[in-house]
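Please read through the structure below; I'll follow up with questions.
Chain nomenclature is as follows: A, B and C, assigned in order of appearance, with residue numbering initiated at 1 for each chain independently.
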Amino acid sequence: MEYFVQQLINGVTLGSIYGLIAIGYTMVYGIIGMINFAHGDVFMIGAFIALISLLILGSLGLTFIPLALLIVLIVSMLLSSVYGWTVERVAYRPLRGSFRLAPLISAIGMSIFLQNYVQIAQGARVKPIQPVVNGGIVVMESPNFVVTLSYMQILIVLTTLALMAGFSYLIAKTALGRQQRACEQDRRMASLLGINVDRTISLTFVMGAALASVAGMMFVLYYGVIDFFIGFLAGVKAFTAAVLGGIGSMPGAMLGGLLIGLIETFWSAYFTIEYKDVAAFSILVLVLIFLPTGLLGKPEIEKV
Amino acid sequence: MIGLFADPRVATAAAAADAALLSVEHLTMRFGGLVAIDDVSFHAARREITAIIGPNGAGKTTVFNCLTGFYKPTVGRLTLNREGTLFYLERMEDFRIAQEAHVARTFQNIRLFPAMSVLENLVVAQHNALMRASVMTFAGLFGLKRYRDAEKAAVEKARYWLERINLADRADWNAGNLPYGDQRRLEIARAMCTEPVLLCLDEPAAGLNPRESAELNELLRFIRDEHGIGVLLIEHDMSVVMEISDHVIVLDYGRKIADGSPEAVRSDPNVIKAYLGEDEADELPPEIVADLEQKTGGEA
Amino acid sequence: MATHVRTAEGSLDLPAILKDCLMTGLVVFALAAPIIGLRTIDTPGGLGIDYRFDDVAFAVLAGIVGRFLLNLYWAYGGRRRPKAKTEEIAGGRAGAFMKKVGLYGGPAAILFAIAMPMLPFADRYTLDVAILVLTYIMLGWGLNIVVGLAGLLDLGYVAFYAVGAYSYALIAAHFDWSFWVCLPLAGLFAAFFGVILGFPVLRLRGDYLAIVTLGFGEIIRVVLLNWYEFTGGPDGVSGVPRPSLFGLEFARSSSDGPTFHQFFGLEFSSLHRIVFLYYVILALALITNFVTLRLRKLPIGRAWEALREDEIACRSLGINPTNTKLTAFAIGAMFGGFAGSFFATRQGFISPESFTFIESAVILAIVVLGGMGSQIGVVIAAIFLIGGTEVFRDLEQYRMLAFGGAMVLIMIWKPRGLLAHREPTLRLPPSRKPEAAPLAGGAS
């Protein structure tokens, strides 16, 4: 029982990270109908920026942890947004209305490029850091097992909830959100009504990148080690989460993220840790075949 | 069968006159809460051009999509009678409808294979016949005579249609580089290469100038009279509808509001109210009338 | 960043261009400052930062100059944004040129490839590189069926390569069958895997298919890595038998009868085996090419291309999309499997490390950069990408960076690949009978 509760806590934490990345996939898919293969790499870059800013703040002697974390959060969100914006501007915008496979191939090229760019600039070795947020609460205790909820886990789940609430508000209530939803429904009509479609799409990428960078920062803090390759697996799993939740749906992405996080954690805890990535991929295939609209997605009507 | 094309006269003699080619009964299609088609029934016959008209959003294209299997109707029976064999289209997958029931269609926004040549577009349409001739590719791989003859026949059939649509000299062009009007006619020719018994045309005259539109009328009459098949037509251009249709069905908000000869429909008060406006019946703009007169005069 | 490179009077709008370049510089600075400018390095006390502002300055400068040149290009003659267009009509100038290349270039290249091992410069190193390039040409041709002809974006092609390699290695290890028996088996096995994977997923939309195939590639690799009893796990399979020429082994001596050099009365040379391997892969690659060229002119090949152009139209013409895609997938997988068993027999040792996603990405880059559907394009791309990186070994780490960047740029510049010219599979022969009067258009 205690073991189960501990895995539940771990799964929710991991799921929050996947969920934050998945939102980026889902928003971009909603607005331009394509998978942004480079999104996982933007997450990885966000993690690197967070790591680097942490190191710089540390060397500057900032010891008040909450302030340091806030600065890191803002810096990595801002700088990763520039990456998200640039990816869209360079690799996707010129290809709108092009040959069907062109944007996909361009996206894969972008993903390969970003991965190797970071590998060359930052080196291929893993980057470990000292834990920043320590300690936790003991939730349950039994003679041979102690269930702890670390402060880091609390921080991750709370930040995720806050960001979710903020972004849901943004989409539901603000002019930007309305424009975004309008572009999702009908891009041509939206542009005829005076919505700057290019700007709206750019902003979608910026928001997705910002959320992914938060996930990246959490990842660094939680696992304490990153390398240039983390974007690949995290990206695929977050994409699975977006599909499972119903691609195009924000709450769906979050729900899918949680489920994937839980499945992966429990799989590793009760079955074999070697095959945990296989589990995620298998779920992806099964969902796409048997539940293509996902849990909370709308059915897609083929335009003929 | 790998003939050039079936001799239309023989086909007509064999056709059972009383059975309708296509009967649509109680067709209903809902998308979530939206009822796109509401209990529509009609018939279409061989050697007839049946037009489906109606304002935008009346559900015309949805009827086509149900007939050709791209949508599964919520309720309804769609029966196609091909030489005495009945096909229930609502139960069939889209490609099987084309393959077995021989219903062919065109699309509102043209769907050619743009990077392939005009001739290839017409040969791809004969895929199933050629696959049989190539014994699932194996006979073709070794270049057996059986396959080479079938390919020759396919090219000849393509030539027949290219000459009909006046594109024989552009057979090796990429289809995507043809002018718009040529693309429309090529799409019809491509559909005809599948040897259909029912041809569904989704706004074939859209975007055509009056001259091209008149040429299209000629082509559709030729298909009806010489090939003896049924043509189902969605059209906004009244010069096309009134001139060549044998039978007109009017849809409005997913319901059938009229069904009859062009003359009857033209004077139906419901139709005038719903579709053609409050008081004015359909009148061709003067320049089209002039054009049409000139054309018929030139031919006579 | 809407740029107006010209003023209303038509002269160059320098202030606007400069502003645009400055903006670019700013963006490049924001991109480069954290990742390039602040390098994390290992220090005795944990991670430290190495400041490299000169690199950032260089990147910003490169960005500004590049943008300026781009602006000049737009101002003088270049199109602002290349329109997505289909190629010019067949038989145009580019068409005639490409036809010539196909007519003379192809046979010339084949003759050269056959004569290569006899030429004076063919030492062991050159032959090794040539074998590697040919392996990738074969893989590229195999994937070209799937991506270039059928338009199915397969990101897990390496899985079939792995299946081929492991089936040969394991069959040979357990049953002691010869390479020539195992080769077709390995191909069939890979094709079988292609069908098993393809059947459920081929009805998915293009981008879903891409990510599912990527997942499949990873699953295969993870299974190979962890199924220790069967595949040897990370240690791989070693001692994969070498191929023989009608039972003649390429060894100094053999217990199973005469070896190659003894049979022909030659001096023993280790080069014999390399030359033999070279001809094996050349033959395999040429078979792949001829089968593909043949299939392209058959109904199935035309249906693949039609499916790439418009699946909905295909369905309206009665083409079964799933079966058609499945054949493309299976045939592509089969050639991947052949290449895999060749790889296993050449290396003598295989491990999961040889079958990572990067491998799939390289093969895809060869197909995409060469021109989807173009056989010659694949050859040229493979020579440049594989041969080129073999020659410039020092730049190894920039290889994938350049591949990724090139994929993006080529897609923007030429969405169907560099050599995207397509020759129709058949032409209308001149008519023999008097032309029937056209129905439409001829009247007035």
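Quick note on the criterion: a residue touches a chain if its C-beta (ideal position, glycine included) is under 8 Å from a C-beta of that chain, and two chains touch if they have at least 3 such contacts.
This is a predicted model, so every value here is computed, not measured.
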Innermost chain, taking as reference the mean of every protein Cα atom displayed: C
Most remote chain, CA-based centroid, reference being subunit B: A
Euclidean distance of C-alpha centroids - subunit A vs subunit C, Å: 30
CA centroid of subunit B to CA centroid of subunit C, Å: 42
Whole-Å separation of chain centres (CA-atom averages), subunit A against subunit B: 48
Touching two or more other chains - residues of subunit C: 312, 416
Interface hub residues of subunit A, defined as touching at least two other chains: 302, 304
In subunit B, residues with contacts to at least two other chains: 70, 107
Residue ranges of subunit C touching subunit A (in the complex, touch as defined): 1, 27, 30-31, 33-36, 38-42, 46-49, 81-82, 84, 147, 151, 153, 155, 200-201, 204, 206-208, 210-212, 214-216, 218-219, 222-223, 225-226, 312, 357, 361, 364-365, 368, 372, 397-398, 400-401, 403-408, 411-412, 415-416
Of subunit C, residues touching subunit B in the complex: 85-91, 291, 294-295, 298-300, 302-303, 305-306, 309-310, 312-321, 327, 416, 422, 424-429, 431, 435-436, 438-444
Residue ranges of subunit B touching subunit C (in the complex, touch as defined): 68-70, 94-100, 104-105, 107, 111-117, 119-120, 123-125, 127-128, 130-131, 134, 137, 140-141, 151, 155, 158-160, 162-166, 168, 171-174, 176-177, 185, 190-191, 194, 211, 215-216, 218-219, 222, 294-295, 298-299
Subunit A residues within the subunit C interface of the complex: 34-35, 37, 45, 48-49, 51-53, 55-56, 59, 79, 82-83, 85-86, 89-91, 94-95, 97-106, 108-123, 125, 127-130, 232, 236, 239, 243, 272, 274-275, 277-278, 281-282, 284-285, 288-289, 292, 302, 304
